[in-house]
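Below are two complexes that have chain A in common, paired first with chain B and then with chain C.
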Partner chain A sequence: MSPNRRERALVRPHVVTGGRARPTRNIFDLVTLVMAARSEVTGLNPEKRRVMELCRGGALSVVEVAGHLGLPVSVTKVLLSDLVDSGHIVTRVAGPVDTGPASTLLLQEVLDGLRARL
Partner chain B sequence: MDSALVSDGTYVRDTVRTSVKVLIVGHFAVGKTTLVGTLSEIRPLRTEERMTQAGALVDDLAGVPDKQTTTVAMDFGRLTLSESLVLYLFGTPGQHRFTQLWHDLSRGALGALVLADTRRLEQSFDIMNFLEEQKLRYAVAINQFDDGPSFPEEELREALDLLPSTPLVTCDARDRASSTRALIALVEYLVQIEQKRIRDL
Partner chain C sequence: MSVLAEFPPAGVTGFRTSPLRGMERSLTLSSRLKDLRERYMSAVAFVCLTAGLLAAVVLLVRQQQITSRLRRRNAALEEMTRVRDEELGYLVRVRVPALADFFQGKPVEVPGPLNPAFAGTSTEQGIRAILGMFAEYAETAKDRADQAAKVTLKAMMRAVQSLTNEQQLTISTMQERHDDPDVLGGLMKIDHMNAQLGRRAQATSVLCGSWPGQQRSAAALVDVVRGATSRIRDYLRVQVQTQANLAVVSRVVEPVVLTVAELLDNAARHSQPNTMVEVNFRQTHNGVAIVIDDAGVAMDAEELQRAERLLSGRESTDINRLGDPPQVGFAVVGVLAARYGFRVSVDSRSPYGGVRAVVFLPSELLTRVDTEPAPVHAQSLPVHTQSRPMRAEPRPVHAAPTPPIPPTPALSSEWEERPVTEWEERPVTEREERPLTANGLPKRRRVTPTGEQPVPSAGAPPSTRPADEIASGMGAWQRGSRAGRVPVSPESEGNVAE
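For the complex of A and B:
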């Protein structure tokens, strides 16, 4: 099939990610916050440029990047992982750690924040 | 750069240092999307994931033998709780068990709020069993529909087979204060469990 025969929305995820289903590193939670580390986008494919355009404005979670760009989370992770490797994207906030339950301190902070909204 | 994204608070504040997540789970049409939309400070977003794992979707695909994949949608929203803390809410049917998406959702989640409908309580059993298997802590919120019957709390507890310690609240997923109180009930419970766990060490 010629590359232009399909609309962009129909490009299959593995085309976007260069054929890979898994990111080069598994550092992303859905709520890990990422942002652009530089503005240079030369050499990046169109999908990565879209990620960079979005992430230039400030920090967003991985799942928000996926939502804004209309991409599955799995594909978004592959793109972000490549962009971290190439120095275009940095992690601002790691997201939750998977080492047992959240601390009382953190839970109390969540509780205080929710109560303040009433 | 889309300047509209900057002005409408799309981005997370620079001062934020911690991000946490809570799952909003329940059966189809129970009000998950409504609740996420009511509480979120950003326009709720949705992502779709194609599921191909065999065995993960037995219930969904029953009677659809030719279907090899299905699409699972998840809605999510964001609440900034302090200068340094954001909470993400994920509305999910919870039917995509054993998949990468469920793993991504549940790993590191503070807990889950199970939304239930008094007209279809039995449809919540499966998700509660699943959360228990997953050792994910939860509270139950009855989303009170205008035409739904209301029952005394004791009857609801018995019908849902809840542990005495599991919080049960009633909420209106369309109402911000009411939905916030449902989340508060969950987090109060999480604090209690954690305090008890530390005392018992």
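For the complex of A and C:
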């Protein structure tokens, strides 16, 4: 997989996913976090191995995984849902769940930051 | 003259005899003389006759000889005319058609004269000269026609190739833009067909003496084979069995992809749809072999011979002789192998009863590839520990300083042992020289932990942090959350892939 966008990808998405376009589960959005749950990668295709390598260091969002693989996000979702099915990765929903003093503080930080920039 | 001696001279006896006796005597004498003359005459006649006869016999014999000689000559001439006629007929019926067949590419041998005795004659030499000239002219005409066809075809294929390339780029862009599985499914199908179309165009232009086009950077052997798989109809039947941590140098990536694609296509097309086509890599002393096995029908001796001839790439390919439907596969592979210095062979030694094709890439066409790229650590966001919003922590927005994030329970024990500090200790000093996007936002990039950088003071209150650092963190977070709500754009700003 070449990350160079100008160069056409050598391995086309239909080979990467085995011709499937629909993820087995509809649990991913762009910022869903994925983490490796198992370390063994035998029997996985090169892209899935790469996903496992990427996720070994912690959690990554779907869009980041797609970026590193140089694959479209929709194709990455197919791969990730396969990996979830096989128990290789687990997912987490990203983003703040509650609003409280923490987020007020955060908003203040954002404001400070923006002021500093502009 | 014994006859004359019997008579005494007339003077001695004549005057003393009587007249009667004398008459009688003279009568006797004259009869004797007559007799004598007759005898003489007959002797002369005999002699003449004998001489005449002798002469006649001699002449007859001579004539006989001349006649027989003439007859022989006549027969020989007749024979020669017959042979010549025969040879002419043979020339028209067999030799010229054979020559014509030879120029049409049929594996025939142009025969010599029918009669071996005819070989040395001047007529045969003349015929040979005519045939030679005919062959020469035919060859020239064929070459010229071939060249013209190749040039035309090459120009046409170049247009088709550039269109398929453009189309592929458009498809890739659309694949990135559209998230709907239905759209993606359709795009994948189009992409697949486009890849096959591109391969056909590429193969044809290679046959016409063109380059395969498309420069690529060095690619892993597995990717090369899978890239080839992308371009054939039955791609789902191809199984890559083994791994090889070798890569193909950039110069030959596209040729090898095309070669493997043609061989895979051949293997898939000549085997049952429910069988698999297996690809294995076998490392050898001075290179690596890509072994393609199918479980289809084996090739017979004649086909193998033809394949071997084509794969050697020694003979120039005649695009007028590819058959209908055109069998370009082996011809293309042969041309590429000869041009780029790898070897391809086919035989019927496949363990599955089909054909085994082997592409041998010598070491000079190979390079090493790091199969274990440095793992991308989870913190690719250039933000401070506290403001890392989308990491392993399920509730990431904590203003208060937090201890190093404990491993998530979902991770296996193996992962729990991972030193968490490793990704805490990333080089914060890099912040300043980080490239900025057009809008002034820091670009995200993979950070390699060095462990030598000063640990950021985890306990420092947020307000003491430099404003630009906060801004960069917040900006990243903001973009992340915004990106989560809108469909992804192809050039999502700030993602620098390295």
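The definition used in the following text is that the second predicted complex is superposed on the first by the 85 of 118 C-alpha atoms of A that agree within 3 Å, B and C clash if a C-alpha of one lies under 4 Å from a C-alpha of the other, contacts with A are read in each partner's own complex, and residues count from 1 in each chain.
Just so we're on the same page, contacts are C-beta pairs under 8 Å (C-beta built on N, C-alpha and C of every residue); 3 or more make two chains touch, one makes a residue touch a chain.
Note that the structure is a prediction, hence the values are computed from the model and not measured.
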Comparing chain B against chain C, which has contacts with more of the residues in chain A? C
If we overlay the two complexes on their shared chain A, which of chain B and chain C does A:Val90 touch? Say first, second, both or neither. second
Have a look at where A:Glu64 lands relative to chain B and chain C in the superposition and call it first, second, both or neither. both
Taking the superposition on A as described, I'd like to know which of chain B and chain C A:Pro23 touches: first, second, both or neither. second
Return the residues of chain A at which the contacts from chain B and from chain C coincide. 13, 29-31, 33, 53-54, 56-61, 63-64, 67-68, 72-74, 92-93, 95-98, 101-103, 106, 109-110, 112-117
For a test of understanding, state which residues of chain A touch chain C in their complex under the given definition. 1-4, 7-15, 17-19, 21-23, 29-31, 33, 35-39, 46, 50, 53-54, 56-61, 63-64, 67-68, 70, 72-75, 90, 92-98, 101-103, 105-106, 109-110, 112-117
Contacts from chain A onto chain B in the complex sit at residues 13, 29-33, 53-54, 56-61, 63-64, 66-68, 71-74, 92-93, 95-98, 101-104, 106-118
Contact set on chain C toward chain A in their complex: 165, 168-169, 172, 175-176, 178-182, 184-185, 187-189, 191-192, 195, 214, 216-217, 219-220, 222-224, 226-227, 229-231, 235-236, 253, 257, 372-373, 375-380, 387, 389-392, 394-400, 408, 410-412, 414-415, 418, 423, 440, 462-463, 466-468, 470-475, 478, 480-481, 483-484, 488, 492, 495, 497-498
For chain B, which residues are in contact with chain A within the complex? 1-2, 5-6, 10-12, 14, 16-21, 42, 45-50, 76, 78-79, 81-82, 85-88, 90, 100-101, 104-105, 107-110, 176-177, 180-181, 183-184, 187-188, 190-191, 193-195, 197-198
